[in-house]
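Each in structure tokens, the structures are laid out below.
The two complexes that follow have subunit A in common; it is paired with subunit B in the first and with subunit C in the second.
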Partner chain A sequence: MRIEVLPIVLGALPASVWAVDYVSASEAEALMFPQADEFATVNLRLDNAQLQEVGKRAGLPARSAQWGVRVARRASSPLGYVVVDNVIGKFELITYAVAVGTDGAIRQIEILSYRESHGGEVRLPAWRKQFVGKTVAGPLRVGDDIANISGATLSCTHVTDGVRRIVAVLQVAHEAGALP
Partner chain B sequence: MRHHRSGLNTLGQMFVATALALPLVVHADEAELTRRVEKLSNELEAVKAELAKMKKEHEQGAVQGAPQQATKPAETPYTNTEAAPGSSDTVLTSYGEINYNRPRKATENTVADLRRAVIGLQHRFDPQTKFAFELESEHAVTSAEDPGEVEIEQAFVEHRLAPSFAVRGGLFLIPTGLLNESHEPTAYYGVERNFVETAIIPTTWREGGFQVVGELGSGLTLQGGITTGFNLNKWDATSTEGQESPLGSIHQELALASARDLSVFAAANYRGVPGLLVGSSVFTGGATHGAQGVTKSRVTLWDLHARWTPGAWDFAALYARGTISNTAAFNTTLVGNPTLVPAVFDGSYVQAAYRLRFGNYGVAPFARLEYFNTGKKYDAIGAGLTPAPLPNERVITTGLNFDINQHVVVKADMQWFRQVSANNRFNLGLGWSF
Partner chain C sequence: MRAHVARRAQPWLGTIVSIDVRVGNDGRHAERAFARAFAALERVHNAMSLQCVGSDVARFNAAGRGERVVCDRWTVNVLRLAQRLQRASDGLFDVALGTACGAAFDIVDDRSVRKLGGRIDLGGIAKGYAVDRAVLVLRASGVDQGLVNAGGDLRAFGAGAWPIEVRSGRGHLRAQMALERGAVATSQYCNGRSPHRDDTLIAPATGAAHAIDNTITVAAPRCVLADALTKVVALSSNPHHPLLRELGGQAWLQ
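On to the complex of A and B.
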């Protein structure tokens, strides 16, 4: 696993031009880890064995070997991680951010951009709260511990699958010592 | 951002320098004064040039950034661009179903049918504007001698004015019931769509016009609009089609639609509690379009619906009721024909399903109890002439959906009819949607 740490000035993150952006990536991470005084990017590169392990734990393919993870710190102590990702809803991309504590439990998810004509209710706090405190041990599945939104089944399913994949990636990377 | 900051800093330094320089001018001789004015002038020109350059770069950045982000919205420094799925401005879609219906007591009427195959596309012109289109072919072959139909099911432009507020114009699906806007075979239980949302609500029901869609932060979605409506002048009293689906027989589907009388609709759907949907809709409009010698008539259809999906359970309930006003005079001219215009028609169903998962496969046994009546009440046109109200038809459907994945479903079910038990049948279906 190759790791690069790149400190990024939060203010340098570009504002998106999407009309359906609800919160920017930098706003999301500040919202999710308000006590953090520093965010740094760790670029993970998973090897084949780790990819297989992610697939096994998440129950779906890891999709990519490379994952950018923002590590939130306070006074140099790691608080957790933020991963910003895209999944396809029904026709269009949904951009969302997942905040996970160093204990592997989900702290929060935020929908950054939603572009579908239907199913914007995945942005509602009540739906997103269902993820809080859950780990890769899950189940983190629509129709199980995550309730569906009628008319937005694909959006709900794909965001939930994406979250499950991310917590698996973080856990595998954490166990490999690639994340603090 | 950094560039802008440094530009502003430079600008600030210029102003500070200018402010500091001014008192010195008072004590300078004329040559010195001229030199300093020239210097300040040059510096001012430099500032202006830099500002113009910054402005140009900013504008170019904004313009160039828009389409780039439209196709690659993941280009924030740490969004997982490489891990993200591909996205395109134009997305091709399809859904369809092949059904097999075998009446248990009249097996000679068994049919297998490519019920519908739909090809759709969605194209995004810009971040706020997109076009949705669906072309449907029913019953596989369409010609003068064949039973098929080719239809444009949707063709509308949506423009988003604010993150939670959009306007649609064109041919679009009316937001009513649970199926009309989500009618793909993967979205419902059973080989056939339920009778209430076929005979009473003429799914897939679309009209041409405009609508606004507002998503309130609380989970409440409101839709309203003005559209074309039904045409009662199309009523064919010699056919039984009006008895199978009163509104299905007089809908216009934007095919040279009579449009003198426009209709309005409103729908409210609440999804603020995860797993719960509670909603209602109403559609009403004139249906005679100023035809000579025809009493004005209005068609109104409303519904109440709910769906609750706690864990693996999936419960749904719906009630729909339609009315056609002033049908007495209309029916008087049709006496003697088999199908007169009903004043009231309605139906409801309750449904329960339980979704089991086996790896990527899903199995959902379900049961549905429904009743519907396409001629619940007829306006009085005189003793012996007024048609007797039809009895409620009650249908019990039970079976299972087998999901190969999220996009492919195999279905099997049995249906029992109380009034016409000859219709009791076994159904098998294959559906897809992507």
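On to the complex of A and C.
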């Protein structure tokens, strides 16, 4: 183990946002349904009764009536669905994809992109060049809590809520015959 | 062969777990490694999460006194380590809740424990253990350089340093570190700034609430140790606690 504490560089630069991109939406769907030979988009438009039903099943407001669903198929028969969604993490947007089987079971959740804001102080970055992870948009942050809820913990809760909403949307749409 | 950093992130153990690996051109090789590492995280999540229905921890907490609880081998590993850390820290580190002075469990064998009383919460150790498991799996899958970060409990492996920033409760930069082949975990406890319940750390042995106004950063060879040692440092308020040296750790109060 080697650990070195470095001097903090403080500057007066304005707060900024950085993003870590993990996978693209199309890479994610291929990862989550590797056996699929076709993906097609179905645009759902839920009516008021369906929105209420989603809210009831998910235990949270349905938020949107329109959802783009990617249907994964193999030899024309449906394997499941992929939905890409955004939620607010601590302050910034997180983009994630959820894969759900035709049985309604969650198969996989992948974070596509994670954005965070910097504080006002910015480290200048000569020292970062020595690192393996220098292609990471921002350094790895630890201990960044507000009342002990770290950005990552809060983000996870919001992603979990978002997933629950999507599962309810897919169920309701499936029952209405809007999805194969 | 050109190497690059490939990365994935998934939500597990109540946080976002990201994995960065340095890989060659064979993307399929990295995909297999990622899949196996996330499967290890899922296994820890399913066995040790307090909220996860049917987890070993949930079944232990629901079991009656004297009952034998069959567990994942990994849960028994963690409980065994927890027992050792509890003794070595004179009770500062303890996964038992509500047992006052007694132990919550006895280890029966590699697959089961006997409940003596109370409840357990592996929140102070399971994330670190999960990170270590993911690192083992990545190495066994042929990845020789990478980093696993479970919402701030992280471990780097292989050659090359990684940049770490320690942030305060208000998001201010407290320290910058360069980490190579090792783990880092932090804890912080704000002193009366917020009504949030978790702002105080309860000393397991006495039930006394400690309000600590510091960011505690611990580096250790394994993430499970860094994770557990943050509690020892927080409760003893001692960044030179002898257990750190014994386990190859180092702590900073910022």
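Here, the second predicted complex is superposed on the first by the 126 of 180 C-alpha atoms of A that agree within 3 Å, B and C clash if a C-alpha of one lies under 4 Å from a C-alpha of the other, contacts with A are read in each partner's own complex, and residues count from 1 in each chain.
As a working rule, a residue touches a chain if its C-beta (ideal position, glycine included) is under 8 Å from a C-beta of that chain, and two chains touch if they have at least 3 such contacts.
None of these values were measured; they are calculated from a predicted model.
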>> Under the stated touch criterion, which partner chain does A:Thr41 make contact with: subunit B (first), subunit C (second), both, or neither?
In response: first
> A:Val167 contacts which: subunit B (first), subunit C (second), both, neither?
Replying inline: neither
>> Quick check for you: in the superposed arrangement, does A:Asp85 touch first (subunit B), second (subunit C), both or neither?
In response: first
> In the superposed arrangement, which partner chain does A:Ala25 touch: subunit B (first), subunit C (second), both, or neither?
Replying inline: first
> Looking at the overlay, what does A:Leu93 touch: subunit B (first), subunit C (second), both, or neither?
Replying inline: first
> Does subunit B (first) or subunit C (second) touch A:Ala178, or do both, or does neither?
Replying inline: neither
> Which holds for A:Ser64: it touches subunit B only (first), subunit C only (second), both, or neither?
Replying inline: first
> Which partner does A:Thr153 contact after superposing on A: first (subunit B), second (subunit C), both, neither?
Replying inline: both
> Can you list the residues of subunit A that touch subunit B in one structure and subunit C in the other?
Replying inline: 8, 20, 22, 121, 127, 130, 141, 143-153, 157
> What part of subunit A is in contact with subunit B in the complex they form?
Replying inline: 8-9, 11-14, 16-22, 24-25, 41, 63-64, 66-70, 83-88, 91-93, 95, 113, 115, 117-118, 120-121, 124, 126-127, 130, 141, 143-154, 157
> Mind pulling up the subunit C residues that touch subunit A in the complex?
Replying inline: 4-5, 7-11, 14-16, 18, 20, 22, 31, 145, 147, 149-152, 154, 156, 160-190, 193-194, 196, 198-199, 215, 217, 219-221, 248, 250, 252
>> Quick check on the complex: what are the subunit A residues that touch subunit C?
In response: 1-8, 10, 20, 22-23, 31, 94, 96, 108-111, 114, 119, 121, 123, 127-128, 130-136, 139-153, 155-157, 159-160
> Which of the residues in subunit B come into contact with subunit A in the complex?
Replying inline: 1-2, 62, 65-66, 69-70, 73-74, 76-80, 82-85, 87, 91, 93, 122, 124, 127-128, 130, 132, 158, 160, 162-164, 166, 178, 181-182, 187, 213, 215, 217-219, 221, 269, 271-277, 307, 309-312, 355, 357, 406
